[in-house]
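Below: a set of structures, written as structure tokens.
The two complexes that follow have chain A in common; it is paired with chain B in the first and with chain C in the second.
For the complex of A and B:
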């Protein structure tokens, strides 16, 4: 069995760590990772609980293919109720932490209660203990990882931790493992901070914690999958060469790059902040921003960016700790820190991104919130006296200063740390928050790409590109080409993407494989690793079941169909340039059809027939 | 012809497929803690470097072993640990200048790279997706580097 069948339950209030068997009936219905942990969470918490209160729980979870030779089989997720959205939160991360947790013999760690003082969890195979973290509180992610490894004299320990952002309960704080891989979105790091849990440190050395059901079939399927990834233009060439940043110029040329808080749909300086720019030698020191690409555990794509800054850049001139190589800009971060604010200084974006990694906060929500603040400033609603800075569009100085303040919880960084929804509401202009259900948009304009607009409006964790990546059909033609402005067929296609994504997110694999892989590539790997019959139909039913389970949690939390919408700017203000000029988001056409294909009522509630069909 | 593992850090992405392949080959587990090849991440310079036993001709581990538990495989040139003879004294781990032979507490024996003796070539090499690990003519591990330099040789400078 590809599950370890062991769950570690950590009661932070009582200070206890207890092993319990994994509910295998649930594993059969929800697979693992996202689906399985969400099942545990919805079964155990009050959906109306304050996300930062004692009653919320925080689950670290792996999938059946985590810690295997399946390409990209190293993912883990963190599942909780999110403070940014008050909805289900599920943030997925790569790096090496997830596999290590599996090697230590755990499918899942459930944290409940609140520790009376800062602690970290130390897992050494079958043993787990809570260790005093007084000396780590106030430290960054980077420092925390270093101190824990030194303290235990074991450089092979893997650490997932929060930085000061999580401690300060920045509502978009993430959890960072392996220095620059993050369970980034929805504020899962703030929940960890609210529990006084600084880090999870794991060393896993067991050889028989889990088994592959059919090794021969597994290696056949895994090898075939790797060949598909290597032979695909996106996963075989584009991503290793340019990372996700391969998209910057493509999306900009299509007129789908939200710019300056979504006032514009094209950024005149996109070329300065994209993947190609990271390869170019700087005029200042003759070196490129990009040092190399790097892989997460078991990943044969290796899209990760490892960057080194210009040591003479104003942001790091006297800060040698930022002169070494570290996690560089991915497309989403480059967009949010750059185009969303009109900032075109690649080095400034890299520095802000380093800070996001170092202190554990989501560059998407951070960058987009800075964009909202800049618009408030340009409208005269926010003043220099109030902010302590000139927040003009395109100011790299403002961006990096706000990044520092947000990390440290200083000055106006405190307001930024509440996210754009609360910031804009505070200043009387809630409509200027470019968010859905409180979470900021990622890097695709929901007017320019109608399917993405619908995906944002219906995502169970607020605006997100990783819940139904309609960019695939609307831009890349995967699995079929759909015109960006078309609405026909989009609801059904989105449902298919959402359900398949839920399966991938529950398997231990990376969603980026789906640039090349379809279910026909993924299913044989799951089938060979896990005992029993895992047909395409069963997997897709699992995906649909997960989606509806998340939906029902959100409904019980008080979110309704009325929240399945977009900011007025996307519904009423037409895209102002490029190929999609004149477009507004046509949720009015797509939403009723989406509810219908989902088997939901006209107000967005799963019908009894749907619930029965899915076994909910 | 004997062959050698040839490791090229410039092609390594740090994915650890090689470590899993090694652990699987020898322990039927993907647990990389049991791998005989390790990939090191040098964060500051941004480098990934795979490293394992180079199969010394005059192998210090072999010479240091008091129970004659490390033998030369005449076909591959690998120095192979004979588990039944190994008493876990760890003297070899002290003798090895490179740290590439290590104790396994689960078995009470040492382990080192044996080039997957008995298999059809090293598992790490087969698993590497980027060609950072290759298995090449032991006498010509420098061939690629020579070719690169040869390509830069200018035989007729006057015409440039």
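For the complex of A and C:
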């Protein structure tokens, strides 16, 4: 069995760490990671609990393929009720932390209660203890990781921690591991901060932490899968060379790049902040922003960006700590920090991104919230006196200053840290928040890509591109090409993407494999690693079960079909330029059909027949 | 006729050196020229073309040799890429 079958339950109130056996009946029905931890969470918390209150729980969880030799098998997730959305939250991260947790012998760590003082959890294989973190409170992620490694004289300890954003309960604070990989979205870091939990530090050395059910079949399947990834133009060449950032120009040319808080759908300076620009040598110092690419545990794609800033750039010229190479811009971050605000300064975006990594907050929600603030400023609703800055569109100075303030809870950064929904409501213009269920959009316009609009509206964790990536068929032609403006067939395709994504997110694999892999590549790896029958049909049923379980949690939390919508701007204001000019999001056409293919009632509730079919 | 040719990511090397930063060039072609003609003029291997947009609208790679260009159109091409 590829599970360790061990769960670590940490009661922060009592200060106890207790091992318990993994519920294998649930593992068979929910696989692992996203699905399995969500099953535990929904079984253990009141759906109406305040996400930042004692009654919420926080689960770190691996999948059955995490820590195996499967390509990209290094993923872990953090599952909780999210403070940004009041909905289910599941944030997925790479790096090396997840595999280390598995090597220490744990499928899952469940945190409950609240520590009376700052602590971190130290796991050494089968032993775990809560350690005083008074000396770490107030430190950044980068400082925390360094101090813990020095303190325990072990550079191989893997650390997942919160920075000052999590401590200050910034509602989009994330949890960062390995310096610049993050469980970034929905505010999981704020929940960790609310529990006075600064970090989880893990050292795993157990060679028998888990057993592969059929090693020969597993290695055959893994080898075949790696060959597919290496031979595919996207995963073998495109992603390693240009990273996700190569999408900037693609999406802009297509007229689907949300710009200046979604007022526009094309950014005139997209080429200045995209993947190609990161390869260009700067005029100032003759060096490129991009230093190299990087890979997470077991990954044979290596899409990660490692960047070095121009040391003479205004944002860092007196700050040598930012002159070294560190985690660079990915597409979503570059969009949110750049096009969403009209900022075209690649170095400023890189600096803001460094700060997001250093102090643990989501660049998507941060950047999009700055965009909303800039629109409020341009409308005269926010003033320079109130903000302490000129918040004009395109101001790199404003962007980096707000990035410096937000995690530390200084000045107007406090308001930014509440996210765009609360910010815009506070100033009487709630419709200017470009969000769904309180979470900000990522980098694709929901008018220009009809399927993505539907994906945002129905995502269980609020606006998100990683719950059903309709960009694949609508832009990239993977697995088939669908026209961006078409609505026909999109609900059924989205359901298939959402269910398959739930399977991948529950396996320990990275979603990016699906640019090359289909279920026919993934299924044999799961089948060989895990005992029993893991047919395609069973896996897709698991995916559908997970999606409906998340939906039912949200319904019980008070989020209903009325929340399956988009901001008025996307429904009523046509795209103003480019190939999709004139488009608005056609949820009116797609949503009834989506509910139907989901087996839900007209108001978005799973029917009894659907619940019975899925064993819910 | 003149068209605008945009070549992105690794295809940028097929642009004249002075155009590689901005990633586009103007191309003079005879009337009736196809998308394939435009790409071959710059030495772009058709096999490396994965995403082809003509005025922002997707063109299947299989239609490169049959689709005729019109004056002023914008042809944008990428190798296999993705993101998220």
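Simple rule for what comes next: the second predicted complex is superposed on the first by the 616 of 616 C-alpha atoms of A that agree within 3 Å, B and C clash if a C-alpha of one lies under 4 Å from a C-alpha of the other, contacts with A are read in each partner's own complex, and residues count from 1 in each chain.
Throughout what follows, a contact is a pair of C-beta atoms (placed from the backbone, for glycine too) under 8 Å apart; a residue touches a chain by one contact, two chains touch by 3 or more.
The shown structure was predicted, so the numbers you read here are calculated from the model rather than taken from an experiment.
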{"item": "Which of chain B and chain C A:537 touches, first, second, both or neither", "value": "neither"}
{"item": "Which superposed partner A:69 touches (first chain B, second chain C, both, neither)", "value": "first"}
{"item": "Partner chain in contact with A:206 - chain B first, chain C second, else both or neither", "value": "first"}
{"item": "Which of chain B and chain C A:285 touches, first, second, both or neither", "value": "neither"}
{"item": "Touching partner for A:245 - first (chain B), second (chain C), both, neither", "value": "second"}
{"item": "Which superposed partner A:578 touches (first chain B, second chain C, both, neither)", "value": "second"}
{"item": "Which superposed partner A:154 touches (first chain B, second chain C, both, neither)", "value": "neither"}
{"item": "Touching both chain B and chain C, residues of chain A", "value": "none"}
{"item": "Chain A contact footprint on chain C (complex, rising order)", "value": "6, 8-10, 12, 21-23, 50-51, 53, 55-58, 60, 76, 78-84"}
{"item": "In the complex with chain A, residue positions of chain B that touch it", "value": "13-17, 20-21, 23-24, 27-34, 43-48, 106, 127, 129-130"}
{"item": "Residues of chain A defined as touching chain B within the complex", "value": "67-69, 71, 96, 99, 103, 156, 179, 203-209, 226, 230, 240, 291-300, 302, 306-308, 324-326"}
{"item": "Chain A - residues contacting chain C, complex", "value": "232-234, 237-239, 241-247, 249-250, 253-255, 271, 275-276, 280, 330-332, 465-466, 469, 471-472, 475-478, 481, 483, 511-512, 515, 578-580"}
